[in-house]
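Here it is, the structure in full.
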Amino acid sequence: MARQPKPLVRSDIAYSTPDRIVVRGKSLPDEVLGHMNLGDFAFLQLTGKAATPQQSAMFNAIVITLVEHGMTPSAIAARMTYAGAPESLQAAVAAGLCGLGSVFVGSMEGACRMLSETLPYDGQCDDLEKLAVDTVAAWRARGTPIPGLGHPLHKPIDPRTPRLFELAAQNGMSGRYVTLMQLIGAEAERASGKALPINATGAIGAICCEFGFPWRIVRGFGVMARAIGLVGHLLEEGERPMSFELWQRVEDEASAHLRGEA
Amino acid sequence: MARQPKPLVRSDIAYSTPDRIVVRGKSLPDEVLGHMNLGDFAFLQLTGKAATPQQSAMFNAIVITLVEHGMTPSAIAARMTYAGAPESLQAAVAAGLCGLGSVFVGSMEGACRMLSETLPYDGQCDDLEKLAVDTVAAWRARGTPIPGLGHPLHKPIDPRTPRLFELAAQNGMSGRYVTLMQLIGAEAERASGKALPINATGAIGAICCEFGFPWRIVRGFGVMARAIGLVGHLLEEGERPMSFELWQRVEDEASAHLRGEA
Amino acid sequence: MARQPKPLVRSDIAYSTPDRIVVRGKSLPDEVLGHMNLGDFAFLQLTGKAATPQQSAMFNAIVITLVEHGMTPSAIAARMTYAGAPESLQAAVAAGLCGLGSVFVGSMEGACRMLSETLPYDGQCDDLEKLAVDTVAAWRARGTPIPGLGHPLHKPIDPRTPRLFELAAQNGMSGRYVTLMQLIGAEAERASGKALPINATGAIGAICCEFGFPWRIVRGFGVMARAIGLVGHLLEEGERPMSFELWQRVEDEASAHLRGEA
Amino acid sequence: MARQPKPLVRSDIAYSTPDRIVVRGKSLPDEVLGHMNLGDFAFLQLTGKAATPQQSAMFNAIVITLVEHGMTPSAIAARMTYAGAPESLQAAVAAGLCGLGSVFVGSMEGACRMLSETLPYDGQCDDLEKLAVDTVAAWRARGTPIPGLGHPLHKPIDPRTPRLFELAAQNGMSGRYVTLMQLIGAEAERASGKALPINATGAIGAICCEFGFPWRIVRGFGVMARAIGLVGHLLEEGERPMSFELWQRVEDEASAHLRGEA
């Protein structure tokens, strides 16, 4: 082992000694507790860097946006799981998280990926309008919906989007990725003739590009945020359960035709 | 349904209309984004109430304490899962959360439960010292370790504990539960003749009682905090993996005796 | 390591060499494939022993009984998860399994535990009737339902129970634990004045005692069986989804009062 | 709803009445228990059809092959989870299953997909050799490994493959898909100049095509099989734990450089 400069099993996140606990280079008791809020500490844990005040404001807003989305399939799965194993709240949260895949988180991840691949972080571009036109044309040619545009309920606009862009402007993060997303939205509406407002996942995808985040990290924001939301749902389920009622309804309806009742 | 005042399937957490998103009675775009940090929003989501500045400071510190605990079995499980399904980061976080049960989170939950059952929120007590003596005697008679005391690594004190109690004092939450925990710790040391410092889970259990939280909610804090920590571990695992090396080592060692090598 | 007879990380289940794969001492290609059915191999994997023909018949029947129970909360959780992450079928099965806790599997585990603690595997008893009377009295004094008795739907008898007991008799496993369970059922009906037929979990709990299984293993049977059942549900969900319809209904109903509609 | 011939929430898998339990059209007590083994019942649950004796022999062998693969990352994740939450065996199995994604199950799924897309179930082909040459050329042009070929340990052949193909021949399932897989393996060896034996996942992928299974179902076989294997690992972990030892080693090694020890 003497000549092995880097151990094969190695983590740079944290370490402990009898009298110290250090996370990402900061003493947890002395430099973190009482000095950071949870969003800032998440930023530190994930990126290894302390957030600037502007990054703190923006990052907290992004993650908060992802915490609670109503009675989603994820929340229903968590509640159903809790009904069977109330002694394992952690497993009910886990069950709810398992569904945060391509269908729900895919859009946010997709918007961030589309923007960062269209306009690489280390590259330059003079003509964002041309990029937007080309991007929309390419997605339309593939016949897949452009990520980050449109919403089944929130019409004509998604109320989170202008607020997120406003915060981006206030915190110096309304740069070329926000502009590109807006140009793509406008071009998509023009090309399709349909109302396609930028939704919250599109706004967040663009702002994540302003941060310079790799697109793969974005799913992690959704997962950690939703864990908070799901704990809230499970506490409510513990006090006012809906799982057994839902179970009974589904059981009755789903097999009625087999029982000869339908 | 006309006379049904309360629907059987009902949630008070959030609702959406085309132009509004409201969580716990607050407009997400207008009253939350840009106005709250993630810890405050978690407090709102879980309790239904807005945190006071003191509650905000204390609650953020509690949850932050629970985010990152090094290369725990939970972190190893998450990394191992990610190695097999890197396309499903959410499932790797879920796998890591599944292990936050009686062994690791039990201590914090247990401390909160012990204190709140010893000294009910709606009750009174003039003699905390007698309560502490009786409590220690009862746990010792059962032969089970008192939750919240002692730590295998952090000796003679857990460096998080004085800082958490300091923050409690600064924020008006150093009341009878903190005192009771400290009295229990002192009595346990006296009765056992061993050093049994209050660890972070004991401090958090006591402060959660100061908040008036039911003990069952405390596990939820640990789960949502660790979700953040696990995302950090998975991002690192994606960049510098240790899973395959660990797999190889375990596979080789575990079956060496069967292969006739040991 | 020279004097270490047993490695600290050791498993006796399986090993591989370039030309061999051996599980529980049997060559997988030569002694297992084509020679055992899945239930027999599960028995081998879990117990380390090859099932006798009688054990094979009984064990396959027990596990099969646990595979499919209709549109349970577990199945709904799995389907909801699949709706969000169809690329991760494994995570949807995992979500469904997470709910197999105290409420649903508890009864089977509880029956096995009650019987094996009442009548230890290495003990003797001449008076099963007295044991039954004492057991029922003890459970009634605690005010908790006796595990393995009664069923909300299957009345007056659970149709699986006589069949499982018939198979136990045919395979030489209708011994004192089956008798004790039947005596407990009869005494519980007498003492309560209510119809309390032995349900499938009671029958399985008793037969697991005839096998000599430790009660903790019983939950594992339920978990592995349900994994099969859940895969069936997810394949159906992929072809004829119900998740989005359920989601919409729950979302609409749960927050109607918040939107001012109820 | 009167004119709705098919309910929106509908399942054809099972139903219960007070005196009946019917799965896939068969009475569980009368037609299944004592008449089928677990593999046959899994076949019924997943496909809706009773297996012929030949299908039974082959299907049981396929699923058994997937049960136990040693101390895989999946098994390690399950054991680590169990260490933290021994009261939730189901969650530990769930954690282990979460990692059965693209890396480990992908190969089997990929082989089945490659073969069924190359040679559709409803199509004809006179020249399998040409198909094999074209397929290998296409995969090589993409620079991705051909699924189902090669194995890091099992050289020069995977001992499961000849046995699985032997069983396929004995049960009338050694048809054009098995031939195509063998031709692809031979052509890949010729084109690459490397030994690329068909591994177990390639053999299973080909035989699944002989069954006519859609490639998406194949992952489900792996998931349900591994659930059985993981229960075996957890029972062993309960009796002879390795988790805490592994945890300690990883914790020590991973952060040694941060503590200034490396």
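Letters are used for the chains, namely A, B, C and D, taken in the order the chains are written, and counting of residues starts over at 1 for each.
Assume contacts are C-beta pairs under 8 Å (C-beta built on N, C-alpha and C of every residue); 3 or more make two chains touch, one makes a residue touch a chain.
Owing to the predicted nature of the structure, the values given are computational and were not obtained by experimental measurement.
Counting only chains that touch, the fewest steps needed to get from chain B to chain C is 1. A comparison of the B-D and A-B interfaces places the larger number of contacting C-beta pairs at A-B.
We define each chain's centre as the mean of its Cα atoms; on that basis chain A and chain B are separated by 23 Å. The mean-CA centres of chain B and chain D are about 37 angstrom from one another, to the nearest whole unit.
Within chain A, residues 9-12, 14-17, 70-71, 85, 87-88, 90-91, 94-95, 98-101, 242, 246, 250, 254-255 each touch two or more of the remaining chains.
Interface residues of chain A, counted against chain C in their complex, comprise 70-74, 76-78, 80-88, 91-92, 94-96, 98-104, 242-244, 246-247, 250-251, 254-255.
Residue ranges on chain D touching chain A, taken from their complex, read 6-7, 9-12, 14-17, 22, 85, 87-88, 90-91, 94-95, 98, 250, 253-259, 262.
Residues 8-21, 23, 28-30, 32-34, 36-42, 45-46, 56-57, 60-61, 63-65, 67-71, 88-91, 93-95, 97-101, 105, 153-155, 157, 159-160, 162-164, 166-167, 170, 216-217, 219-225, 227-229, 231-236, 238, 240, 242, 245-246 of chain A are the ones that touch chain B when the two sit in their complex.
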